[in-house]
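In what comes next, chain A is part of two complexes: it sits with chain B in the first one and with chain C in the second one.
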Partner chain A sequence: MATIDTTITSPDAPPVQRNGWVYAVIIAVCVVNFLPYLWVVMTGFMDGAAAASRAPQWIFTPTLDAFRYLIFEKGIMSNFMNSLIVALCSTFFSVTIGMFCAYALARYDFIGRDDVSFWVLTNRMMPPVAVLIPIFVIFQTLKLLDTLPGLILLYTAMQLPFVVWMLTGYFRDIPRRYEESAMVDGDTWFQAFRKVTLPLMMPSITATAIFVMILSWNEFAFATFLTSTNAKTMPPAIMAYSIGADIEWNVLGAAVVLITAPLILFVLVMQRQLISGLSQGVVKK
Partner chain B sequence: MKYIRIGGAMTATFALSLVTAPAVLAQTEAQKALAGAEIRFLQPSMPQFAALGKFIPEFEEKYGIKVIVDEVPFDQYRQKSLVEMQQGTGTYDFYAVDVMWLAEYAAAGFLDPLMPYVKNPDLTEEGYDIDDFLPRVISGTGVYNDTLYTIPLGAGPVGTTFRADVAEQAGFKLPERFSPEFNTQYMFDAAKKVNNPESGMIGFANIPGRWFWGVTYLPYLYAFQTPETVGNEYLDKDWKVTINNQNTIDSIDYFVSLKEFMPADSANWGIGEATAVYQQGGAFGVWNYQDFIKGFFEDPATQAAVAGKNVHLHTPSGPHGVIDPWFGAWSFGMSKDSKNKAATWTFIQWITSKEIQERATEFGAGPSRHSTYKSETLAKFQPWWLPVYDFMLKDTNPDERVRIPEWAEISDIMGEEGNRVWIGEIDSATAAANMETRMTAAMKKGGYYIPGRTDLPPQNWRDLTYYDRLPSQWK
Partner chain C sequence: MADLQIAGLMKQFGGFTAVNDVNITVHDGEFVFLLGPSGCGKTTTLRMIAGLEMPTSGRIEIAGRNVTFLRPRHRNIGMVFQDYGLYRHMTVFGNIAYPLEVRGLDKRAIADKVGAVAKTMQITDALQKKPDQLSAGQLQRVAIARMLVRDADVFLMDEPMSHLDAQLRGQMRAELRHIQKTVGVTTIFVTHDQLEAMTMADRIIVMKDGRMLQFATPREIFERPATEFVASFVGEPQMNILDCTLRRGDGAMLADCGPFAVTLDAGWVRANGLAKRDGQKLRLGIRPEHVSVGRDAGETHPVATELYSFEPTGAENLYVLRSGSVQVTTRTSTTETAHLGKTEGTRLAMRFDPNWIYLFDPDDGRTIAYAAASRPDAAEDAA
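Let's look at the complex of A and B:
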């Protein structure tokens, strides 16, 4: 029995282009991007000798030695938990606070608004190392050295300008009349914000949160100098455990797996929101 | 029958107490009172510290003192330790101190003098025997202004490591350590003989990255001296910079000539890159530091391609027969801000004791005591240390890298100008001239040329007997 093709194509639709080169280029780009990561992940499952060998070992007996070393000998899971707590909390606080700040900059006209916007941006221009010592002294005075609240506070402050700058643009893209309509119907400004603007902003907020989370998760310089054993996060721990005077490649590979796996998982779960958020505003209305 | 049983039990208990007596008696009452204390240690990630780390559980069990180790990547270690010390945080009770940083740390008052602890029988076990340390090692590592500030782990020279099996295949046998036969010409010829990049073997994996010249080029600067110029390698008796001379030019030319064996993209190679190539079996020779040998080249689990196939030699002597008198060491220094000084010293004296130092050599830690050098354990697990004993006693020069605050800048200048020669930007004569100009400026900034100044530090490298004092005689 023959199958009936029920696909309906609009006569005005442009012809679908099936160009093999497009696929070839996409595959090539994927391989170039993915192969180094695949190699690092494989290295994490090699023993020390295989990982250090000159010729690439595509076939090898997998072992969990490097993971065992990191998890049981070095106790890296406590660093993992520190990273998780710090990244999640600082992302939550910076996005929540930054969202309201961005909303104010986008919606209200007040004296010095442009100056505030510019000042927020310039905060991102400061190289971290320039403020390392002053921040160290402040932390020491406030007894925040080697504490999770200290790192959360710092990362929140560090990421706020990024959040404000990103979200201000997105807020400006949402017509003010949507909120005005809700307020005509009897909502307060906050209800209008919560019921109308916020749902429209969710993809953008999620995309911003993902970036902030990645930045906080990977932060190295402050984590190295402001923590010792209690609040040490993954980046300085990984550097210390895998890179001494020489490099233990399998340990480094295992560490890369541990540090990137949560982020990859997070982005995979949120990818629809991320793409939607990043593309918001690109279509001219 | 009952009495026999009790008597038997008492005999057994007495016998058991005899067996365990040394461990129990070794602990003083004051040390017992420290049980429950917690001490913190900041260290860089390096093989010798990893070896000593294996003994921490044993210490904790014996003394009831908890030791918390914070490991920091080597590249960040100096900045991190300096910030902590400068701010007096008291986060760490003791630090790993490189020999080159001692003057700076001690002069700034960051460290506590240790001799009062050494001489305190309540905190130092009876058999500690400070005079068992090699005089030049302990004074070179831990003494500043006649005062003992740190206790050394292993201390040793830098040198070179070569593949004996590759030499054998090429039809020659490498000489023994400190043999006069192994000079710069020999090393170059041997490297050239086996150099075959097409088949994956380069003659020598040099380390020309600009940060590293102070440890990788410097041995050649020394080797190219004549017996008459020894002692004036970069400074004369009046602290005038003397580096712009033919010996320097020749040594740079030699160092850069090793480029012939290396890939085109090697201008920034550091210790990690060169060591990795060697570990993978891709190089005939490489730079080494004595304390890294076990961890870098002789561990069959991670260096299967090279372990057991190496010959560890000195840096080759130069054309006039001079051998580099390198001195390198790491040590334990107690923070002046420590709140647990007694517990901290208890750990330091235990981990640097005869017994632990000897046992740690099995895992890659180096010796700094006479007894360790003479032990069977060292001979069995790290035989390459044995020829170094006499050298560390008589020939090594703790001031090879002059221990003045300007050294870091001098080392940077050497690296920057030398690396410019390596990449072909300038020639060696220009580099030597630039080094002299810039080093002179650094010394001038340091106040060495102020007319009438009388408090300049002594140039102990001109009379090394200063470092040969018995360890117990320091303050």
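Let's look at the complex of A and C:
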């Protein structure tokens, strides 16, 4: 049995926490995370020779050659626009449709409700590539191959389970009495939903939308198989520069900048909403 | 402003009957309380009046109009929810103005009305704040203001004071009662707090397990409870309820409680036909204020007891006495019992006031005999 040393008395001041090493760990993680990206961005601003040289060059004269090449000779901005349209539209549709579905799952008690929500979740469990061929055939039959509506439709369907699952939880956190109160005050159900529940849900919906947007923007597998020229989005377009024997590293770097910059800017701008949305329901009044 | 009629109201959730055969007639301008323990169906009843829950069967009429299955917005009611139901994304002004905006009033009229109500509820300073910035007492006021701002036929309140501390609750009781009488709108108030119901109500409906036990004025509920449950639910401290057996003593009927027997008033025994219940097991009820405490057992205080615990509440002393296995709480004024011992175990004596003894049926809980001194209310009867 351990004995307690009773001769020890308290020091005059509370012990000082020495947590310096935590910062060392954080800095190390940051370096490991950001250095490769920094290097890719730098490569994007090099000329062909500097990018291809064996010894890494930290000091170089920046040039926009690679961007010029991509934008004016390869017309990558059309891919950029495709990506933008597909990401925005599929986000809009999946969040709008998913919102009502989540509301129904959160608010109404019907037979098989739990089965429905589990079924929705299983849709995300399956690796999407498993249904690549069937979807290709379906798209071919419906003449949706290489069209923007086709991609939008597919992404909307792909993101719906995620939206439904995220939002169901958040809707459950909003007490029903808000709607009831509005209905007693004279609103119809839909007015109560629109004027009371939706404003309260806005942070959560925004956060979900940001996630869906990122997923849609980065989707690669289906975009590669289902598009060729008209509807090609950024990820497959960039893929073209990273295969082959003779990779132009500065062009690849510039392409990476083009595909990641919008997302990074977007998330930086929306950071506040993202965090408040994700933590909603955790901080309760 | 209108009267409210409920007939044969019933609500089932699956196999569970939450509200069973509720019949109420509430007159114009009356302040009526639904009182009962949690899960007794009082909130469900209120929600059915509001239209937030649809009855399984029955009929609800507001001002003679059948509203049984109407949506809430067609009923013209105002409601305060238990946790207020204020919109946290709107200012207090927005919250109070909301029901008016929904009805499409113009901005000036809204501002006037909200201003007037805010003045009544003394929340003018808080109008531009968000609900998050308010204290519980202020939130309460905003919620009530939101109800008052409407020209509703009926006001409904679902345990609106349960989140307030005791002191605020005391203030709000008086204020709410005053406002209700000033505005004069028929109001139904749900609570599990018997003190709230007793102090504010015109009439009280006591509910248990989905059924109405009694619908009467607070005084009648207190003095002439229909069942043992009503008797013990209302009043603080609770009525003492003792198992007893009626038997014939020397010259009078006695209620034998085991360690001691209580002599019953002969006139009362005759009036309630208790003689024929000789030998029956019954339940005897007596309120703490009708048990007097003395130092020595004798003529005035026939029952010898021992002090189990002593609880001074300031103006009054609560003596919890024990005689054998029977425990009796008494309530006496501090001055009256100043001379008595206050340490646990002190030998004391008590006396039951024969004019304030109740007898209940042990099987169905019904009151067999009301206290001799209690009087039925001359005012309109219960449903």
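One rule holds in what follows: the second predicted complex is superposed on the first by the 246 of 285 C-alpha atoms of A that agree within 3 Å, B and C clash if a C-alpha of one lies under 4 Å from a C-alpha of the other, contacts with A are read in each partner's own complex, and residues count from 1 in each chain.
The definition used in the following text is that a contact is a pair of C-beta atoms (placed from the backbone, for glycine too) under 8 Å apart; a residue touches a chain by one contact, two chains touch by 3 or more.
Bear in mind that the values here come from a model prediction, so they are computed numbers and not experimental data.
Annotation: superposed three-chain arrangement on chain A; chain B versus chain C shows no clash, the two fitting side by side. Within the superposed three-chain model, A:S181 lies in touch with chain C and out of touch with chain B [touch as defined at top]. With both structures placed on the common chain, the touch criterion links A:I59 to neither chain B nor chain C. In the superposition on chain A, contact of A:A130 is made with neither chain B nor chain C. By the document's definition of touching, of the two partners only chain C reaches A:P199; chain B does not.
Touched residues of chain A, counted separately for chain B and chain C, are more numerous for B. In the superposition on chain A, A:I111 makes contact with neither chain B nor chain C. In the superposed model, A:V32 lies in contact with neither chain B nor chain C.
Judged by the touch definition given at the top, the superposed model places A:Q140 against chain B, while chain C stays out of reach.
Put simply, the nearest alpha carbons of chain B and chain C end up 50 Å apart when the two models share chain A.
Those residues of chain C that touch chain A in the shared complex are 50-52, 71-73, 77-79, 81-83, 85-89, 98-99, 102-103, 132, 146, 150. Within the complex formed with chain A, the residues of chain B that make contact are 40, 42, 44-47, 50, 68, 70-74, 76, 79-80, 83, 87, 89, 91-92, 200, 271-272, 275-276, 279-282, 289, 292, 295-296, 299, 301-305.
If you check the complex, the residues on chain A that touch chain C are 175, 177-178, 180-188, 191, 196, 199-200, 285. Those residues of chain A that touch chain B in the complex are listed here as 47-49, 52-54, 132-133, 136-137, 140, 145-146, 224-225, 228-229, 232, 236, 239-241, 243-248.
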